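If you scroll down you'll find the structure; I have some questions about it.
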Amino acid sequence: MLIVKTTDNRQLTADNFPMEIFVYRKGSDAVEENFAVKDLPEILADRNNVVWIDFLSEKPEELACAKDVLLNVFKFHYLTVEDCFETRNQPKVEVFPDYLYLIVHGVKPEETSSANFVTKELDCFLGENYVVTFHTERFRSIKNVKQQIRNNTFACRRGASYLLHQILDQIVDLYMPIVDEFDDSINNLEERVFQMQKSNNVILEEIMDLRRSVARLKRISTRQLDVLHSISHGEFPQIPENVLPFYRDVHDHLLRISDLAESYRDLVSGLFDIHFSVVANKTNDILKFLSIFSAIWLPLSFIAGVYGMNFENIPELKSKYGYYVALSAMFFIAAALIVYFWRKGWIFQKDEEKKVDN
Amino acid sequence: MLIVKTTDNRQLTADNFPMEIFVYRKGSDAVEENFAVKDLPEILADRNNVVWIDFLSEKPEELACAKDVLLNVFKFHYLTVEDCFETRNQPKVEVFPDYLYLIVHGVKPEETSSANFVTKELDCFLGENYVVTFHTERFRSIKNVKQQIRNNTFACRRGASYLLHQILDQIVDLYMPIVDEFDDSINNLEERVFQMQKSNNVILEEIMDLRRSVARLKRISTRQLDVLHSISHGEFPQIPENVLPFYRDVHDHLLRISDLAESYRDLVSGLFDIHFSVVANKTNDILKFLSIFSAIWLPLSFIAGVYGMNFENIPELKSKYGYYVALSAMFFIAAALIVYFWRKGWIFQKDEEKKVDN
Amino acid sequence: MLIVKTTDNRQLTADNFPMEIFVYRKGSDAVEENFAVKDLPEILADRNNVVWIDFLSEKPEELACAKDVLLNVFKFHYLTVEDCFETRNQPKVEVFPDYLYLIVHGVKPEETSSANFVTKELDCFLGENYVVTFHTERFRSIKNVKQQIRNNTFACRRGASYLLHQILDQIVDLYMPIVDEFDDSINNLEERVFQMQKSNNVILEEIMDLRRSVARLKRISTRQLDVLHSISHGEFPQIPENVLPFYRDVHDHLLRISDLAESYRDLVSGLFDIHFSVVANKTNDILKFLSIFSAIWLPLSFIAGVYGMNFENIPELKSKYGYYVALSAMFFIAAALIVYFWRKGWIFQKDEEKKVDN
Amino acid sequence: MLIVKTTDNRQLTADNFPMEIFVYRKGSDAVEENFAVKDLPEILADRNNVVWIDFLSEKPEELACAKDVLLNVFKFHYLTVEDCFETRNQPKVEVFPDYLYLIVHGVKPEETSSANFVTKELDCFLGENYVVTFHTERFRSIKNVKQQIRNNTFACRRGASYLLHQILDQIVDLYMPIVDEFDDSINNLEERVFQMQKSNNVILEEIMDLRRSVARLKRISTRQLDVLHSISHGEFPQIPENVLPFYRDVHDHLLRISDLAESYRDLVSGLFDIHFSVVANKTNDILKFLSIFSAIWLPLSFIAGVYGMNFENIPELKSKYGYYVALSAMFFIAAALIVYFWRKGWIFQKDEEKKVDN
Amino acid sequence: MLIVKTTDNRQLTADNFPMEIFVYRKGSDAVEENFAVKDLPEILADRNNVVWIDFLSEKPEELACAKDVLLNVFKFHYLTVEDCFETRNQPKVEVFPDYLYLIVHGVKPEETSSANFVTKELDCFLGENYVVTFHTERFRSIKNVKQQIRNNTFACRRGASYLLHQILDQIVDLYMPIVDEFDDSINNLEERVFQMQKSNNVILEEIMDLRRSVARLKRISTRQLDVLHSISHGEFPQIPENVLPFYRDVHDHLLRISDLAESYRDLVSGLFDIHFSVVANKTNDILKFLSIFSAIWLPLSFIAGVYGMNFENIPELKSKYGYYVALSAMFFIAAALIVYFWRKGWIFQKDEEKKVDN
């Protein structure tokens, strides 16, 4: 306990101690706050209390302080504490004799869009009568749960594992708007591909960003689903039977997100197919235009060329109306070609198929 | 029971009470109807009765009323009742000590087509001697089963789980016409791709809609299959051994739907390949046309150009028949080029390959 | 038995009774035939007999008659009998206390080709000492087995499950020629794609048909493999230990078919890649042709145009050999361009790479 | 034994009896050869002997003879003997009370290349103290093992299962050079695609052949891996614990082959992507060439055309230097266009990107 | 022991004996070094010691020496020793009664880049109180661990399995920078594809190299993951319960690498899609350019051609201002066509879509 005391003396006097402690005493109708680290051992010892310790460690000195408490007060395994401080972990769950350790990822709502899916890590420890959450970035979901238990102790009454469920539920709920945004983005991009006036790389870049985001969503949600699957199928003694349905509920939400991510992947790769087909269609249209243009002017120029020859004996040239006849011939040839292309379906057919279909 | 009574007083007098109760008493040869909520506890207590309570809750006050009954009369888990009222769940099954809760999806026949596959949720609770169905939209399948049990108590005699099977069977049967429509749509689109006169986005949009629909069908039917698999493989005590074959039958139908959805996905992505190849073929045809046209007129124009030169000493120009010789030369060059392209297989070959094949 | 008797009276006198009964009595050296429905209960009661009842029900009244026998004489589960009469089932196996029910699919050799893979259903019931087969279309495999047991009772001596194996073995063997035909079709299409003179949709349609067929083969053979896997791994008590190796043999044949179907799927989608690349190569060839043609005639026409200008002072025009010099210049320019394109590898290179490779 | 004797009398006197027998007597330091069929029962009866019987049956009469021995001397199950004589089996393993039956595939080194991967079947029977190998084509691996045991009885001392391991090990080792050849072929084709001067089908055909070969390698090695997996994980009593590591070793080699086959499949389908992109790049280059050519000559020809008009009043025509001014104008326009295309990056940029990268 | 002695006499006197021995005696606060082979049996016999023997065998005579020690001092299974000397193994783990044998792959940081992912093998033997590492190339990770245990015996105190974990952890950590480099390479290539001025094969070659590297990374990391999975899930008695979390930690890092490799594969194949679309867009741009050019000059040339005809009676030719009228007509036609193309969106639209999007 020596180290804790030292930390105590140096840090607990400061206003910015990066840790909030919520204690729900059995039967009470409000959660108590404003505890200090030195109170923790006593509070935790009473198995009737439900305790939530939330660390928000944004600065290095806060990190050091949090590490001290996690290692020395809670006696968490060195590796799990180290995992808290690493920033590139995937969602996972690990069981220890006294507690459960899990990493989950929440979306960063401010930064995240369908073009750039970003997550932040939350580390949770679930003991018999306590939940420890550790994060280096602010979570709206955690703020919400705090608000909720201050208003109503309902969530605390069912024990620590139910409290943890509330936090996870909030985190997963915040995925939903992002997932819907993906749907909109795909629809929107599809529409823009169909309407694009000129070939451009902007749409391609957006499709690629979307693909990258969907891949990330898929990767994270699959691992997160694994975590919730293990938890909700009763593998861990820390979570009592009667709380399992609540975890199954979170699991089902995540399953839907993961299924959607999978189908988005298909649809995004479909966007490339469509982009490609639309460009190929445009190529055809341009080539038809070029062909029609050439096909009309080349024969006319040829006729003009013929009568521009300098042979001494070209009877037509001497005819009074030769010029007008030639012009008329040219006109009729052009008209005939235009009719030919119209019959061939290369021109004047813009909206026919549309009419047939609808 | 207090809350129920209140609800009773306020709602049960109304004509639009959103709930139908069917009771089959053992040995009787008709189902009884027109029960009120207050009768439920007594009816359910008699284990020889088979009871079906169907909630159709289209309006908010009906929802509130239904919630009241589900929570207070049936004592269903809070989470499952909440799931009933959410509208974005996937098919799932959950077991509780007293009852089984499942969500299944039925097609919306009016709105659904191969271009827009839409489903609606049905929530079912299966107890020892009762089935509770809850839905916010009308189901033709449920109407059918009601009709059926009014005519013949056969479906009730085997107990609640058999009655539930009848409902699921009807729901799954209504997938079949949709699945067949997918087949037709794919064939139809394939044909239109082969016959398309001009490159157009309408077909592409339809293919993309189809792809989206098939993805949704695949997603829903896979999860629904999971549900039926769990049920039909005897995981749940609520369903007696002798009813299992009937659930296996529903499972097998769903398996077929799911297999077909998988193969449709392949075929739809094949439509893109075909569309693409057809457009590429058209590009080639247009380019051939352009090449032939240019190849014929350019040399002719060149000859005209040569004899349009103003050199003082061009002997041919003075020849009496020079003009006619030049015209003939042009004609023969054009003819030779046409023969050349015909030999090369670029023109006049329309139906040959076809003849060889058939 | 009442219903059977009625059926008896009405139908058994008719010549077209849709049912053949084969009885092998232990130790006998021939199978007996020409039994009537009314004999069945007695024959089946003797556990030493091996009985095969084959229903071929092509007409509605035959269906009704068969249904009667299946339900009332054999007492098969209502659902399995109903499955017999449905026509859109997938291969499956179901176990009941007294018998095994399985659906297998045989190819229709007359209608089936690699462009249109079609199957027909066979429903089999395997009891302790009997096999019941039900089908609405003629099976060559069943005809073969009948022929075989009339010649030699060998297949009956090992009991009903061995007899069923014989039928399944014959059915699976008839897949082989079809599977080989797929191989040939793919090779043949590949060759035709490489040799195609002009872009055409016929080949594309054939590739798409092949893709559809392979998908169907894959789907059916996978489910059939599941059935044989369950049977051959000893899950069912109806099949004695010593007959299992024979079912494993059928399973291994099906495994090969299913593996091949999988690799055909790959190769067929490779045909699209090839078609596409061949068309792209042709596009390039046409463009090269067009470019060469334009590149040669445009400069020549320009020279002719220059000397067709009407400036009063163009010294060359007055030169006596100006015309010949101009013609020669044109000739050399054309020759130089041809050499240039030859060096660039656009012309006169047809078979070089080929020589290098082989 | 009657049949054997007959065979004996007719065949065993012949020099070409298609069967070699190796007997290692415990403690001896050489294998004995030159036994006859009639010695087999006695030799096999002594459990201390390790016996290897190798059948090479290339002709029909040899096949008949081998069948006779396999069925009557070894009493192998009829089905396994029949499998030996079929030629289209996949690798598999089957266990019988007295022996293990396995089919493995070896490469045909003479015929096999990366463009045409061909295998031949080897059938093995492993009993308590004997190995029977049966093949209709010569195996270099079997020749090697024979050589080895003639030189050194080491491989026989550990019993029949170790001897079989030696044979399998040799067979799998001969896959390695082929697998390396695939790697080379893919690299080589990739290089040729990048350097190809003209679009040609030869490379496409080679890629398709490679794809077919890789698919076959994948299919065979996967099934072979299944066989070795079953064996090396101790499923079969015929293989003692202490020999398992040797089979695991063969399994690991096969695993590597199978992994490589999988990644080759990816790379081969990547060859199509590359071929396609290279052709598309060429298309672009040709189109740029055509555009540049047209863009330069068309305006020049237009100018020549303007001064070829026959208006009576065109002042420039009368100017003494008009012709030279016009020529200069043409020259400057051409130069300006060339600069324009150079700036646009269409010409004179051949190696820049290359320099930047390396 | 005879062989060891011989080896002893010949080799141990040399300075370059390819083997380092570290011994940590329980309770001591430093590791001892500079032991000889002949000391090994005694050191290993004391179960309280933790011994690490590291073989770096770069030359053939060192290999022979190492083999001798591995086989005769440690009595490792012949096969595992042979595996050490082979160079083309995949990561694997094998358990023997006395020890665990594993092969892991480390990256070669000097040679490896995202374009060429290369690994080197490390063979590890883990016994009750010793770790043997064998490698033919230098490992930075091994150097680091040596440094670490010389500074601090912490890693040795928890026993041999913890020491091995340290080595594996270091090896896996060195994958991370490479994995990040892949991410950068993909982003960088994507950017270059979007900005590429001309179609070139350099980028294509780099994409193909990347694809190859990613495939290799995927293959190696998947197998390595299998190895760590087996170890970290407690399958092996050599690793005590309390060390498992440390192996799970390494496993989780590898899982992340493997997940990333999978998503890189997707993104790399997306690079081909993008490259392809960008080239197709360029094709369109070039074709538009060509079409516009042709469409403008062809009609103008035609007009010039018309007034270059030699008809005697063309009234316009005699008009004083005919020439100027014709030139003006040409100018207006050109202007009208330019306006037409501008309206069609083919020219002057470069940055519009961009503005709309951002």
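Quick notes on this structure:
In order of appearance the chains are A, B, C, D and E, and numbering begins at 1 in each one.
Criterion: a contact is a pair of C-beta atoms (placed from the backbone, for glycine too) under 8 Å apart; a residue touches a chain by one contact, two chains touch by 3 or more.
Owing to the predicted nature of the structure, the values given are computational and were not obtained by experimental measurement.
Path length between chain B and chain E in the chain contact graph, taken as the least number of steps between touching chains: 2. Look at where the CA atoms of chain A average out and do the same for chain D: the two points lie 42 Å apart. Each chain gets one centre point, the mean of its Cα atoms, and the points for chain B and chain C are 26 Å apart.
In chain C, the residues that touch at least two other chains are 276, 280, 282-283, 287, 290, 294, 298, 301, 305, 308-310, 314.
Taken as a contact graph, with one node per protein chain and an edge wherever two chains touch, the assembly forms a single closed ring in which every chain touches exactly two others.
From chain C, with the walk directed at chain D, the chains encountered around the ring are C, D, E, A, B. By the touch criterion stated above, chain A contacts chain E in their complex at residues 77, 79, 83, 88-90, 92, 94, 96, 196-206, 208, 211-212, 215-216, 218-219, 223, 269, 272, 275-276, 279-280, 282-283, 286-287, 289-290, 293-294, 297-298, 300-301, 304-305, 307-310, 314, 316-323, 326-327. Of all the residues in chain A, the ones that touch chain B in their complex are 190, 194, 245-246, 248-249, 252, 255-256, 259, 262-263, 266-267, 270, 273-274, 276-278, 280-285, 287-288, 290-291, 294-295, 298-299, 301-302, 305-306, 308-314, 345-346, 349, 353-354, 357.
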